[in-house]
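Below are two complexes that have chain A in common, paired first with chain B and then with chain C.
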Partner chain A sequence: MADKITSTLPLSRVKTIMKSSPDVSSISQEALFTTGKATELFIQALAKFSLEQSSDSSSLEYKDLAEIVNTESTLQFLQDIIPRKIKVRDYYKICEKREQSEK
Partner chain B sequence: MDGSGDTSERLDDSYLNGGSAYVVEENDDTLGADGDDEKSDSPLREQDRFLPIANVARIMKKSIPQSGKIAKDAKECVQECVSEFISFITSEASERCHQEKRKTINGEDILFAMSTLGFDNYVEPLKLHLQKYRESAKGEKTSDSETMHELPDDLAQSLSTGQIMATDQNGQQNVIFSFQSGQFPNIN
Partner chain C sequence: MAERPEDLNLPNAVVGRIIKEAIPEGVNVSKEARLAISKAASVFVLYATSCSNNYALKAKRKTISAQDVLSAMEEMEFEQFIDPLAEALEAFRNQQQGKKEAIAEKKKKTTDSNTSGEGQGDEDKEGSEEEDDVTYQGEEKEDYIITVNEDDDEVEEVDDS
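Let's turn to the complex of A and B:
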(Lines of atoms letter the chains of each structure in order from A and count residues from 1; the text may use other names and numbers.)
(Lines give C-alpha, C1' and ligand atoms only; values in the text may rest on other atoms or scores of the structure.)
Protein backbone atom coordinates (compact mmCIF):
# COMPACT_ATOMS: atom_id res chain seq x y z
CA MET A 1 0.00 0.00 0.00
CA ALA A 2 1.43 3.36 -0.92
CA ASP A 3 1.46 5.75 1.92
CA LYS A 4 -0.49 8.67 0.77
CA ILE A 5 2.34 10.74 2.06
CA THR A 6 1.39 13.79 0.21
CA SER A 7 -1.30 15.65 -1.37
CA THR A 8 -4.23 13.39 -2.09
CA LEU A 9 -7.65 14.68 -1.30
CA PRO A 10 -10.68 12.51 -0.75
CA LEU A 11 -12.52 12.73 -4.05
CA SER A 12 -15.74 11.51 -2.47
CA ARG A 13 -15.78 14.61 -0.31
CA VAL A 14 -14.93 16.82 -3.28
CA LYS A 15 -17.91 15.27 -5.02
CA THR A 16 -20.18 15.97 -2.05
CA ILE A 17 -19.19 19.60 -2.11
CA MET A 18 -19.67 19.84 -5.86
CA LYS A 19 -23.10 18.30 -5.61
CA SER A 20 -24.19 20.81 -3.03
CA SER A 21 -24.20 23.45 -5.75
CA PRO A 22 -27.65 24.11 -7.10
CA ASP A 23 -28.66 22.52 -10.40
CA VAL A 24 -25.80 20.08 -10.51
CA SER A 25 -27.11 16.75 -11.70
CA SER A 26 -24.13 14.62 -12.52
CA ILE A 27 -20.39 14.91 -12.58
CA SER A 28 -18.07 12.84 -14.72
CA GLN A 29 -15.07 11.09 -13.22
CA GLU A 30 -12.82 13.35 -15.22
CA ALA A 31 -14.52 16.44 -13.89
CA LEU A 32 -14.10 15.13 -10.38
CA PHE A 33 -10.46 14.31 -10.91
CA THR A 34 -9.77 17.68 -12.49
CA THR A 35 -11.52 19.56 -9.71
CA GLY A 36 -9.60 17.64 -7.09
CA LYS A 37 -6.34 18.43 -8.76
CA ALA A 38 -7.27 22.07 -9.23
CA THR A 39 -8.16 22.30 -5.56
CA GLU A 40 -4.79 20.98 -4.62
CA LEU A 41 -3.08 23.57 -6.79
CA PHE A 42 -5.28 26.23 -5.27
CA ILE A 43 -4.38 25.30 -1.71
CA GLN A 44 -0.70 25.34 -2.56
CA ALA A 45 -0.92 28.67 -4.28
CA LEU A 46 -2.99 30.23 -1.52
CA ALA A 47 -0.58 29.15 1.17
CA LYS A 48 2.52 30.12 -0.72
CA PHE A 49 1.22 33.43 -1.89
CA SER A 50 -0.19 34.51 1.48
CA LEU A 51 3.04 33.73 3.19
CA GLU A 52 5.00 35.68 0.63
CA GLN A 53 2.81 38.71 1.14
CA SER A 54 2.94 38.35 4.88
CA SER A 55 5.02 40.59 7.08
CA ASP A 56 6.16 37.60 9.10
CA SER A 57 7.43 35.09 6.63
CA SER A 58 7.86 32.32 9.14
CA SER A 59 4.24 32.05 10.11
CA LEU A 60 1.04 32.05 8.13
CA GLU A 61 -1.80 33.77 9.92
CA TYR A 62 -5.47 34.36 9.26
CA LYS A 63 -4.81 38.02 8.61
CA ASP A 64 -2.44 37.18 5.77
CA LEU A 65 -5.22 35.32 4.02
CA ALA A 66 -7.70 38.12 4.68
CA GLU A 67 -5.26 40.54 3.16
CA ILE A 68 -4.62 38.82 -0.14
CA VAL A 69 -8.28 38.11 -0.62
CA ASN A 70 -8.80 41.82 -0.69
CA THR A 71 -5.90 42.56 -3.00
CA GLU A 72 -6.14 39.80 -5.61
CA SER A 73 -9.03 40.10 -7.99
CA THR A 74 -9.21 36.36 -8.67
CA LEU A 75 -9.82 35.83 -4.97
CA GLN A 76 -12.66 38.28 -4.65
CA PHE A 77 -15.14 35.44 -4.36
CA LEU A 78 -13.57 34.70 -0.98
CA GLN A 79 -14.12 38.14 0.49
CA ASP A 80 -17.22 37.13 2.37
CA ILE A 81 -15.56 34.00 3.66
CA ILE A 82 -12.53 35.77 5.01
CA PRO A 83 -13.55 39.16 6.22
CA ARG A 84 -10.85 41.22 7.75
CA LYS A 85 -11.25 41.10 11.46
CA ILE A 86 -11.90 44.16 13.50
CA LYS A 87 -12.30 44.36 17.22
CA VAL A 88 -15.81 44.61 18.55
CA ARG A 89 -15.19 47.95 20.14
CA ASP A 90 -14.08 49.39 16.81
CA TYR A 91 -17.25 48.05 15.29
CA TYR A 92 -19.33 49.76 17.93
CA LYS A 93 -17.58 53.02 17.17
CA ILE A 94 -18.41 52.64 13.54
CA CYS A 95 -22.04 51.92 14.42
CA GLU A 96 -22.21 55.04 16.47
CA LYS A 97 -20.84 57.12 13.68
CA ARG A 98 -23.37 55.62 11.33
CA GLU A 99 -26.23 56.38 13.65
CA GLN A 100 -25.07 59.91 14.04
CA SER A 101 -24.82 60.47 10.33
CA GLU A 102 -28.29 59.04 9.84
CA LYS A 103 -29.84 61.53 12.24
CA MET B 1 -24.02 22.04 20.30
CA ASP B 2 -26.79 23.15 18.05
CA GLY B 3 -25.22 21.61 14.98
CA SER B 4 -26.94 23.93 12.61
CA GLY B 5 -23.98 23.81 10.31
CA ASP B 6 -24.13 27.52 9.84
CA THR B 7 -20.86 29.02 8.68
CA SER B 8 -21.30 31.87 11.11
CA GLU B 9 -20.58 29.41 13.89
CA ARG B 10 -16.99 29.24 12.88
CA LEU B 11 -16.39 32.93 12.86
CA ASP B 12 -17.94 34.63 15.77
CA ASP B 13 -19.72 37.93 15.64
CA SER B 14 -16.70 40.05 16.29
CA TYR B 15 -15.26 39.19 12.91
CA LEU B 16 -16.65 41.74 10.59
CA ASN B 17 -15.60 43.33 7.38
CA GLY B 18 -13.39 46.32 7.71
CA GLY B 19 -13.55 49.00 5.10
CA SER B 20 -16.67 50.05 3.38
CA ALA B 21 -18.95 47.08 3.88
CA TYR B 22 -19.97 45.26 7.00
CA VAL B 23 -21.59 41.95 7.56
CA VAL B 24 -24.70 42.80 9.52
CA GLU B 25 -26.85 39.95 10.77
CA GLU B 26 -30.24 41.62 10.50
CA ASN B 27 -29.97 42.24 6.80
CA ASP B 28 -28.93 38.74 6.12
CA ASP B 29 -30.64 38.01 2.83
CA THR B 30 -28.14 35.38 1.91
CA LEU B 31 -29.24 33.06 4.67
CA GLY B 32 -32.79 33.22 3.39
CA ALA B 33 -34.71 34.00 6.53
CA ASP B 34 -37.93 32.71 5.09
CA GLY B 35 -38.43 29.08 4.44
CA ASP B 36 -34.87 28.19 3.72
CA ASP B 37 -35.69 24.68 4.69
CA GLU B 38 -37.88 24.28 1.69
CA LYS B 39 -34.95 24.31 -0.66
CA SER B 40 -33.06 21.11 -0.76
CA ASP B 41 -30.26 23.08 0.71
CA SER B 42 -28.15 20.03 1.33
CA PRO B 43 -28.31 19.49 5.06
CA LEU B 44 -24.63 18.71 5.11
CA ARG B 45 -22.92 18.33 8.41
CA GLU B 46 -20.11 20.75 8.87
CA GLN B 47 -17.51 18.08 8.36
CA ASP B 48 -19.07 17.08 5.06
CA ARG B 49 -18.98 20.57 3.70
CA PHE B 50 -15.25 20.82 4.02
CA LEU B 51 -12.28 18.77 3.05
CA PRO B 52 -10.50 17.18 6.01
CA ILE B 53 -8.32 19.73 7.67
CA ALA B 54 -5.41 17.31 7.93
CA ASN B 55 -5.24 16.95 4.15
CA VAL B 56 -5.58 20.67 3.64
CA ALA B 57 -2.87 21.42 6.18
CA ARG B 58 -0.56 18.85 4.64
CA ILE B 59 -0.87 20.41 1.23
CA MET B 60 -0.33 23.88 2.65
CA LYS B 61 2.78 22.78 4.47
CA LYS B 62 4.26 21.46 1.27
CA SER B 63 4.17 24.86 -0.35
CA ILE B 64 5.86 26.79 2.37
CA PRO B 65 9.39 26.49 3.71
CA GLN B 66 9.79 23.70 6.16
CA SER B 67 10.38 25.98 9.07
CA GLY B 68 7.15 27.84 8.39
CA LYS B 69 4.23 27.61 10.76
CA ILE B 70 0.57 27.84 9.99
CA ALA B 71 -1.86 29.23 12.52
CA LYS B 72 -4.83 27.05 13.32
CA ASP B 73 -7.33 29.65 12.22
CA ALA B 74 -5.44 30.02 8.96
CA LYS B 75 -5.85 26.30 8.31
CA GLU B 76 -9.54 26.44 9.08
CA CYS B 77 -9.85 29.46 6.90
CA VAL B 78 -8.20 27.76 3.93
CA GLN B 79 -10.43 24.76 4.53
CA GLU B 80 -13.47 26.98 4.08
CA CYS B 81 -11.95 28.80 1.11
CA VAL B 82 -11.34 25.53 -0.59
CA SER B 83 -14.95 24.47 -0.33
CA GLU B 84 -15.95 27.84 -1.66
CA PHE B 85 -13.48 27.43 -4.50
CA ILE B 86 -14.93 24.05 -5.42
CA SER B 87 -18.46 25.42 -5.38
CA PHE B 88 -17.41 28.44 -7.35
CA ILE B 89 -15.84 26.39 -10.11
CA THR B 90 -18.66 23.90 -10.10
CA SER B 91 -21.43 26.42 -10.50
CA GLU B 92 -19.62 28.10 -13.36
CA ALA B 93 -19.09 24.74 -15.05
CA SER B 94 -22.66 23.75 -14.37
CA GLU B 95 -23.95 26.90 -15.99
CA ARG B 96 -22.01 26.18 -19.13
CA CYS B 97 -23.39 22.68 -19.14
CA HIS B 98 -26.92 23.94 -18.95
CA GLN B 99 -26.33 26.44 -21.70
CA GLU B 100 -25.20 23.60 -23.90
CA LYS B 101 -28.12 21.49 -22.79
CA ARG B 102 -25.96 18.82 -21.24
CA LYS B 103 -26.56 17.17 -17.92
CA THR B 104 -23.18 15.88 -16.98
CA ILE B 105 -20.33 18.17 -16.08
CA ASN B 106 -17.18 16.92 -17.76
CA GLY B 107 -13.49 17.73 -17.50
CA GLU B 108 -13.64 20.34 -20.22
CA ASP B 109 -16.34 22.24 -18.39
CA ILE B 110 -14.14 22.45 -15.33
CA LEU B 111 -11.19 23.68 -17.36
CA PHE B 112 -13.33 26.23 -19.07
CA ALA B 113 -14.70 27.44 -15.75
CA MET B 114 -11.20 27.84 -14.38
CA SER B 115 -10.20 29.90 -17.32
CA THR B 116 -13.29 32.08 -17.10
CA LEU B 117 -12.84 32.71 -13.42
CA GLY B 118 -9.25 33.86 -13.71
CA PHE B 119 -7.42 30.65 -12.93
CA ASP B 120 -6.26 30.13 -16.46
CA ASN B 121 -2.72 29.49 -15.32
CA TYR B 122 -3.96 26.24 -13.84
CA VAL B 123 -5.41 25.07 -17.11
CA GLU B 124 -2.27 23.77 -18.78
CA PRO B 125 -1.06 21.66 -15.85
CA LEU B 126 -4.57 20.37 -15.37
CA LYS B 127 -4.84 19.41 -19.01
CA LEU B 128 -1.70 17.37 -18.74
CA HIS B 129 -2.91 15.65 -15.61
CA LEU B 130 -6.19 14.94 -17.28
CA GLN B 131 -4.50 13.48 -20.30
CA LYS B 132 -2.49 11.13 -18.19
CA TYR B 133 -5.53 10.21 -16.20
CA ARG B 134 -7.39 9.31 -19.37
CA GLU B 135 -4.53 7.20 -20.57
CA SER B 136 -4.20 5.34 -17.34
CA ALA B 137 -7.93 4.89 -17.09
CA LYS B 138 -7.97 3.28 -20.53
CA GLY B 139 -5.10 1.03 -19.63
CA GLU B 140 -6.58 -0.22 -16.40
CA LYS B 141 -10.23 -0.04 -17.17
CA THR B 142 -10.83 0.74 -13.56
CA SER B 143 -11.62 4.09 -12.18
CA ASP B 144 -10.32 4.21 -8.72
CA SER B 145 -12.03 7.24 -7.50
CA GLU B 146 -10.35 7.43 -4.16
CA THR B 147 -6.77 7.90 -5.26
CA MET B 148 -5.56 10.41 -7.69
CA HIS B 149 -3.43 9.31 -10.57
CA GLU B 150 -0.45 11.54 -10.85
CA LEU B 151 1.89 12.38 -13.67
CA PRO B 152 4.65 9.91 -14.41
CA ASP B 153 8.24 11.02 -14.09
CA ASP B 154 8.98 12.19 -17.61
CA LEU B 155 6.05 14.52 -17.79
CA ALA B 156 6.35 15.76 -14.26
CA GLN B 157 9.96 16.68 -14.75
CA SER B 158 9.22 18.78 -17.73
CA LEU B 159 6.68 20.71 -15.69
CA SER B 160 7.76 20.87 -12.19
CA THR B 161 10.04 23.07 -10.29
CA GLY B 162 9.16 21.25 -7.12
CA GLN B 163 9.51 17.87 -5.64
CA ILE B 164 8.61 14.56 -7.14
CA MET B 165 8.18 11.39 -5.22
CA ALA B 166 7.37 8.15 -6.87
CA THR B 167 6.03 5.00 -5.41
CA ASP B 168 5.47 1.84 -7.32
CA GLN B 169 2.59 -0.27 -6.36
CA ASN B 170 1.31 -3.18 -8.34
CA GLY B 171 3.01 -1.85 -11.42
CA GLN B 172 1.24 1.43 -11.10
CA GLN B 173 3.26 4.55 -10.77
CA ASN B 174 2.05 7.20 -8.43
CA VAL B 175 4.12 10.25 -8.86
CA ILE B 176 3.38 12.97 -6.45
CA PHE B 177 4.15 16.22 -7.97
CA SER B 178 4.38 19.46 -6.19
CA PHE B 179 3.64 22.51 -8.20
CA GLN B 180 5.77 25.29 -6.87
CA SER B 181 5.53 28.16 -9.28
CA GLY B 182 3.38 31.17 -8.70
CA GLN B 183 -0.26 30.59 -9.34
CA PHE B 184 -1.87 33.93 -9.42
CA PRO B 185 -1.87 35.92 -12.61
CA ASN B 186 -0.72 39.46 -12.52
CA ILE B 187 -3.68 41.64 -11.98
CA ASN B 188 -3.79 45.01 -13.57
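Let's turn to the complex of A and C:
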Protein backbone atom coordinates (compact mmCIF):
# COMPACT_ATOMS: atom_id res chain seq x y z
CA MET A 1 0.00 0.00 0.00
CA ALA A 2 2.85 2.37 0.80
CA ASP A 3 4.25 3.46 -2.47
CA LYS A 4 7.62 5.19 -2.42
CA ILE A 5 7.26 8.40 -0.42
CA THR A 6 9.97 10.76 -1.64
CA SER A 7 9.24 13.93 0.31
CA THR A 8 9.50 13.57 4.07
CA LEU A 9 8.15 15.75 6.84
CA PRO A 10 10.76 17.82 8.76
CA LEU A 11 11.34 15.86 11.97
CA SER A 12 12.17 19.02 13.92
CA ARG A 13 8.63 20.27 13.30
CA VAL A 14 7.14 16.87 14.16
CA LYS A 15 9.21 16.91 17.37
CA THR A 16 7.86 20.37 18.32
CA ILE A 17 4.30 19.11 17.89
CA MET A 18 5.03 15.93 19.85
CA LYS A 19 6.63 17.84 22.72
CA SER A 20 3.66 20.20 22.89
CA SER A 21 1.39 17.35 23.92
CA PRO A 22 1.01 17.28 27.72
CA ASP A 23 2.95 14.88 30.03
CA VAL A 24 5.30 13.75 27.27
CA SER A 25 8.75 13.71 28.90
CA SER A 26 11.15 12.36 26.30
CA ILE A 27 11.05 10.85 22.83
CA SER A 28 13.61 8.50 21.34
CA GLN A 29 15.05 9.30 17.92
CA GLU A 30 13.44 6.14 16.51
CA ALA A 31 10.00 7.04 17.92
CA LEU A 32 10.29 10.48 16.32
CA PHE A 33 11.22 8.92 12.96
CA THR A 34 8.38 6.36 13.20
CA THR A 35 5.78 9.01 14.08
CA GLY A 36 6.93 11.18 11.17
CA LYS A 37 6.71 8.24 8.77
CA ALA A 38 3.28 7.21 10.15
CA THR A 39 2.00 10.75 9.55
CA GLU A 40 3.18 10.59 5.93
CA LEU A 41 1.32 7.30 5.48
CA PHE A 42 -1.73 8.87 7.14
CA ILE A 43 -1.69 11.86 4.76
CA GLN A 44 -1.48 9.51 1.77
CA ALA A 45 -4.24 7.23 3.08
CA LEU A 46 -6.53 10.18 3.86
CA ALA A 47 -6.05 11.68 0.39
CA LYS A 48 -6.45 8.37 -1.45
CA PHE A 49 -9.49 7.22 0.56
CA SER A 50 -11.39 10.51 0.28
CA LEU A 51 -10.71 10.65 -3.47
CA GLU A 52 -12.14 7.15 -3.86
CA GLN A 53 -15.30 8.16 -1.98
CA SER A 54 -15.63 11.42 -3.91
CA SER A 55 -18.38 11.75 -6.53
CA ASP A 56 -16.10 13.62 -8.94
CA SER A 57 -12.89 11.59 -9.11
CA SER A 58 -10.93 14.30 -10.92
CA SER A 59 -10.84 16.65 -7.93
CA LEU A 60 -10.44 16.37 -4.19
CA GLU A 61 -12.64 18.84 -2.31
CA TYR A 62 -13.15 19.70 1.35
CA LYS A 63 -16.59 18.04 1.36
CA ASP A 64 -15.04 14.69 0.29
CA LEU A 65 -12.81 14.83 3.37
CA ALA A 66 -15.65 15.91 5.66
CA GLU A 67 -17.76 13.07 4.28
CA ILE A 68 -15.32 10.27 5.15
CA VAL A 69 -14.30 11.86 8.46
CA ASN A 70 -17.94 11.78 9.53
CA THR A 71 -18.62 8.23 8.32
CA GLU A 72 -15.32 6.38 8.92
CA SER A 73 -14.96 5.27 12.57
CA THR A 74 -11.15 5.31 12.55
CA LEU A 75 -11.24 9.02 11.62
CA GLN A 76 -13.57 9.95 14.45
CA PHE A 77 -10.79 11.92 16.14
CA LEU A 78 -10.99 14.43 13.26
CA GLN A 79 -14.67 15.21 13.51
CA ASP A 80 -14.24 18.63 15.09
CA ILE A 81 -11.22 19.34 12.88
CA ILE A 82 -12.96 18.64 9.56
CA PRO A 83 -16.68 19.11 10.31
CA ARG A 84 -19.34 18.95 7.64
CA LYS A 85 -20.36 22.37 6.38
CA ILE A 86 -23.95 23.42 6.78
CA LYS A 87 -25.70 26.49 5.40
CA VAL A 88 -26.57 29.31 7.79
CA ARG A 89 -30.28 28.95 7.17
CA ASP A 90 -30.10 25.24 8.06
CA TYR A 91 -28.29 26.27 11.23
CA TYR A 92 -31.12 28.65 12.11
CA LYS A 93 -33.63 25.86 11.52
CA ILE A 94 -31.73 23.63 13.92
CA CYS A 95 -31.69 26.41 16.56
CA GLU A 96 -35.44 27.01 16.21
CA LYS A 97 -36.18 23.31 16.55
CA ARG A 98 -33.98 23.15 19.62
CA GLU A 99 -35.75 26.16 21.20
CA GLN A 100 -39.20 24.65 20.58
CA SER A 101 -38.13 21.34 22.04
CA GLU A 102 -36.83 23.16 25.14
CA LYS A 103 -40.16 25.10 25.69
CA MET B 1 9.66 26.72 26.13
CA ALA B 2 6.45 28.19 24.69
CA GLU B 3 5.79 27.15 21.10
CA ARG B 4 4.35 29.73 18.77
CA PRO B 5 0.97 28.52 17.42
CA GLU B 6 2.27 28.51 13.87
CA ASP B 7 4.92 26.02 14.98
CA LEU B 8 2.26 23.47 15.68
CA ASN B 9 1.34 22.70 12.11
CA LEU B 10 3.26 20.91 9.38
CA PRO B 11 4.60 22.86 6.39
CA ASN B 12 1.87 22.93 3.72
CA ALA B 13 4.34 22.58 0.87
CA VAL B 14 5.60 19.19 2.06
CA VAL B 15 2.07 17.99 2.85
CA GLY B 16 0.97 19.11 -0.63
CA ARG B 17 3.78 17.09 -2.24
CA ILE B 18 2.95 13.98 -0.19
CA ILE B 19 -0.72 14.25 -1.25
CA LYS B 20 0.29 14.57 -4.91
CA GLU B 21 2.32 11.40 -4.64
CA ALA B 22 -0.69 9.51 -3.35
CA ILE B 23 -3.27 10.44 -5.95
CA PRO B 24 -3.25 9.98 -9.73
CA GLU B 25 -1.81 12.65 -12.01
CA GLY B 26 -4.11 15.50 -13.01
CA VAL B 27 -6.39 15.31 -9.98
CA ASN B 28 -6.60 18.82 -8.58
CA VAL B 29 -6.72 19.26 -4.84
CA SER B 30 -8.58 22.32 -3.60
CA LYS B 31 -6.64 24.61 -1.30
CA GLU B 32 -9.22 24.08 1.42
CA ALA B 33 -8.84 20.30 1.18
CA ARG B 34 -5.04 20.63 1.36
CA LEU B 35 -5.23 22.82 4.50
CA ALA B 36 -7.73 20.43 6.09
CA ILE B 37 -5.38 17.47 5.45
CA SER B 38 -2.41 19.41 6.83
CA LYS B 39 -4.35 20.27 10.00
CA ALA B 40 -5.55 16.67 10.26
CA ALA B 41 -1.93 15.49 10.01
CA SER B 42 -0.90 17.66 12.98
CA VAL B 43 -3.81 16.31 15.00
CA PHE B 44 -2.76 12.79 13.97
CA VAL B 45 0.74 13.47 15.38
CA LEU B 46 -0.78 14.62 18.68
CA TYR B 47 -3.18 11.67 18.80
CA ALA B 48 -0.40 9.15 18.03
CA THR B 49 1.94 10.80 20.54
CA SER B 50 -0.52 10.67 23.41
CA CYS B 51 -1.40 7.03 22.62
CA SER B 52 2.26 5.98 22.42
CA ASN B 53 3.06 7.97 25.55
CA ASN B 54 0.42 5.92 27.40
CA TYR B 55 2.21 2.74 26.31
CA ALA B 56 5.52 4.15 27.56
CA LEU B 57 3.98 5.16 30.92
CA LYS B 58 2.27 1.76 31.29
CA ALA B 59 5.68 0.15 30.88
CA LYS B 60 7.02 2.65 33.46
CA ARG B 61 9.36 4.23 30.90
CA LYS B 62 9.81 7.99 30.52
CA THR B 63 10.96 7.73 26.92
CA ILE B 64 8.59 6.95 24.05
CA SER B 65 10.12 4.15 21.95
CA ALA B 66 9.42 3.14 18.35
CA GLN B 67 7.60 0.05 19.64
CA ASP B 68 5.23 2.30 21.62
CA VAL B 69 4.37 4.12 18.41
CA LEU B 70 3.70 0.83 16.60
CA SER B 71 1.43 -0.37 19.41
CA ALA B 72 -0.34 2.98 19.33
CA MET B 73 -0.99 2.49 15.59
CA GLU B 74 -2.73 -0.78 16.41
CA GLU B 75 -4.84 0.79 19.15
CA MET B 76 -5.85 3.64 16.80
CA GLU B 77 -6.96 1.02 14.23
CA PHE B 78 -4.26 1.94 11.71
CA GLU B 79 -2.83 -1.62 11.61
CA GLN B 80 -2.18 -1.28 7.89
CA PHE B 81 0.61 1.18 8.75
CA ILE B 82 2.52 -1.24 11.00
CA ASP B 83 4.32 -3.31 8.31
CA PRO B 84 5.47 -0.36 6.16
CA LEU B 85 6.54 1.41 9.37
CA ALA B 86 8.55 -1.59 10.58
CA GLU B 87 10.29 -1.71 7.18
CA ALA B 88 11.06 2.01 7.24
CA LEU B 89 12.37 1.69 10.81
CA GLU B 90 14.73 -1.12 9.76
CA ALA B 91 16.11 1.01 6.94
CA PHE B 92 16.47 3.94 9.33
CA ARG B 93 18.39 1.77 11.82
CA ASN B 94 20.77 0.54 9.12
CA GLN B 95 21.31 4.08 7.94
CA GLN B 96 21.98 5.25 11.53
CA GLN B 97 24.36 2.32 11.97
CA GLY B 98 26.14 3.29 8.75
CA LYS B 99 26.44 6.90 9.90
CA LYS B 100 27.93 5.79 13.24
CA GLU B 101 30.47 3.50 11.52
CA ALA B 102 31.43 6.31 9.12
CA ILE B 103 32.08 8.64 12.07
CA ALA B 104 34.03 5.95 13.96
CA GLU B 105 36.15 5.24 10.87
CA LYS B 106 36.84 8.93 10.37
CA LYS B 107 37.91 9.24 14.01
CA LYS B 108 40.24 6.28 13.55
CA LYS B 109 41.62 7.77 10.30
CA THR B 110 42.24 11.23 11.84
CA THR B 111 44.02 9.67 14.86
CA ASP B 112 46.19 7.56 12.46
CA SER B 113 47.02 10.59 10.29
CA ASN B 114 47.88 12.59 13.46
CA THR B 115 50.18 9.90 14.80
CA SER B 116 51.85 9.60 11.37
CA GLY B 117 52.60 13.36 11.55
CA GLU B 118 50.82 15.04 8.57
CA GLY B 119 47.62 15.74 10.58
CA GLN B 120 45.73 17.58 7.83
CA GLY B 121 42.86 19.47 9.33
CA ASP B 122 39.84 17.29 8.59
CA GLU B 123 38.75 17.46 12.24
CA ASP B 124 36.51 20.45 11.62
CA LYS B 125 34.82 18.61 8.72
CA GLU B 126 34.06 15.80 11.16
CA GLY B 127 32.44 18.34 13.51
CA SER B 128 29.94 19.36 10.86
CA GLU B 129 29.42 15.64 10.12
CA GLU B 130 27.71 15.11 13.45
CA GLU B 131 25.21 17.96 13.06
CA ASP B 132 21.89 16.84 14.45
CA ASP B 133 19.09 18.66 16.15
CA VAL B 134 18.84 16.29 19.10
CA THR B 135 20.67 16.59 22.40
CA TYR B 136 22.70 13.41 23.10
CA GLN B 137 22.50 11.99 26.54
CA GLY B 138 25.36 9.65 27.47
CA GLU B 139 27.49 8.13 24.69
CA GLU B 140 27.07 4.54 25.82
CA LYS B 141 23.24 4.64 25.50
CA GLU B 142 22.31 2.90 22.23
CA ASP B 143 19.34 5.22 21.72
CA TYR B 144 19.97 8.95 21.56
CA ILE B 145 17.33 10.48 23.81
CA ILE B 146 15.70 13.81 23.04
CA THR B 147 15.28 15.46 26.41
CA VAL B 148 12.58 17.97 27.16
CA ASN B 149 14.20 20.50 29.48
CA GLU B 150 11.36 22.66 30.68
CA ASP B 151 13.50 25.10 32.65
CA ASP B 152 16.05 26.36 30.13
CA ASP B 153 14.89 27.04 26.62
CA GLU B 154 16.20 25.01 23.68
CA VAL B 155 19.15 27.29 22.94
CA GLU B 156 21.34 24.57 21.48
CA GLU B 157 18.57 23.17 19.23
CA VAL B 158 19.62 23.76 15.61
CA ASP B 159 16.40 23.97 13.58
CA ASP B 160 17.46 22.83 10.15
CA SER B 161 13.97 22.32 8.72
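Note that the second predicted complex is superposed on the first by the 97 of 103 C-alpha atoms of A that agree within 3 Å, B and C clash if a C-alpha of one lies under 4 Å from a C-alpha of the other, contacts with A are read in each partner's own complex, and residues count from 1 in each chain.
As a working rule, a contact is a pair of C-beta atoms (placed from the backbone, for glycine too) under 8 Å apart; a residue touches a chain by one contact, two chains touch by 3 or more.
Here the structure is a predicted model, which is why all the values come from computation and not from measurement.
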Superposed partners chain B and chain C on chain A - clash or fit: clash
Chain B versus chain C as contact partner of A:Y91, first or second or both or neither: first
Touched partner set for A:L65, first chain B, second chain C, both or neither: both
Which superposed partner A:P83 touches (first chain B, second chain C, both, neither): first
Doubly contacted residues of chain A, that is, touched by chain B and again by chain C: 1-14, 16-35, 37-48, 50-51, 57-62, 64-65, 73-74, 77-78, 81-82
Residue ranges of chain A in contact with chain B within the complex: 1-14, 16-51, 57-62, 64-65, 70, 72-75, 77-88, 91, 94
Interface residues, chain A side, partner chain C - complex: 1-35, 37-48, 50-51, 57-62, 64-66, 69, 73-74, 77-78, 81-82
Of chain B, residues touching chain A in the complex: 7, 11, 13-19, 22-23, 42, 44, 48-52, 55-56, 58-64, 67-71, 73-74, 77-78, 80-91, 93-94, 98, 103-107, 109-111, 114, 117-119, 122, 125-126, 129-130, 133-134, 137, 143, 145-149, 165, 167, 169, 174, 176, 178-180, 182-185, 187
Chain A-touching residues of chain C, taken from the complex the two chains share: 1, 3, 7-11, 14-15, 17-19, 21-23, 26-30, 32-33, 36-37, 39-50, 52-53, 57, 62-66, 68-70, 73, 76-78, 80-81, 84-85, 88-89, 92-93, 96, 133-134, 143-148, 157, 159-161
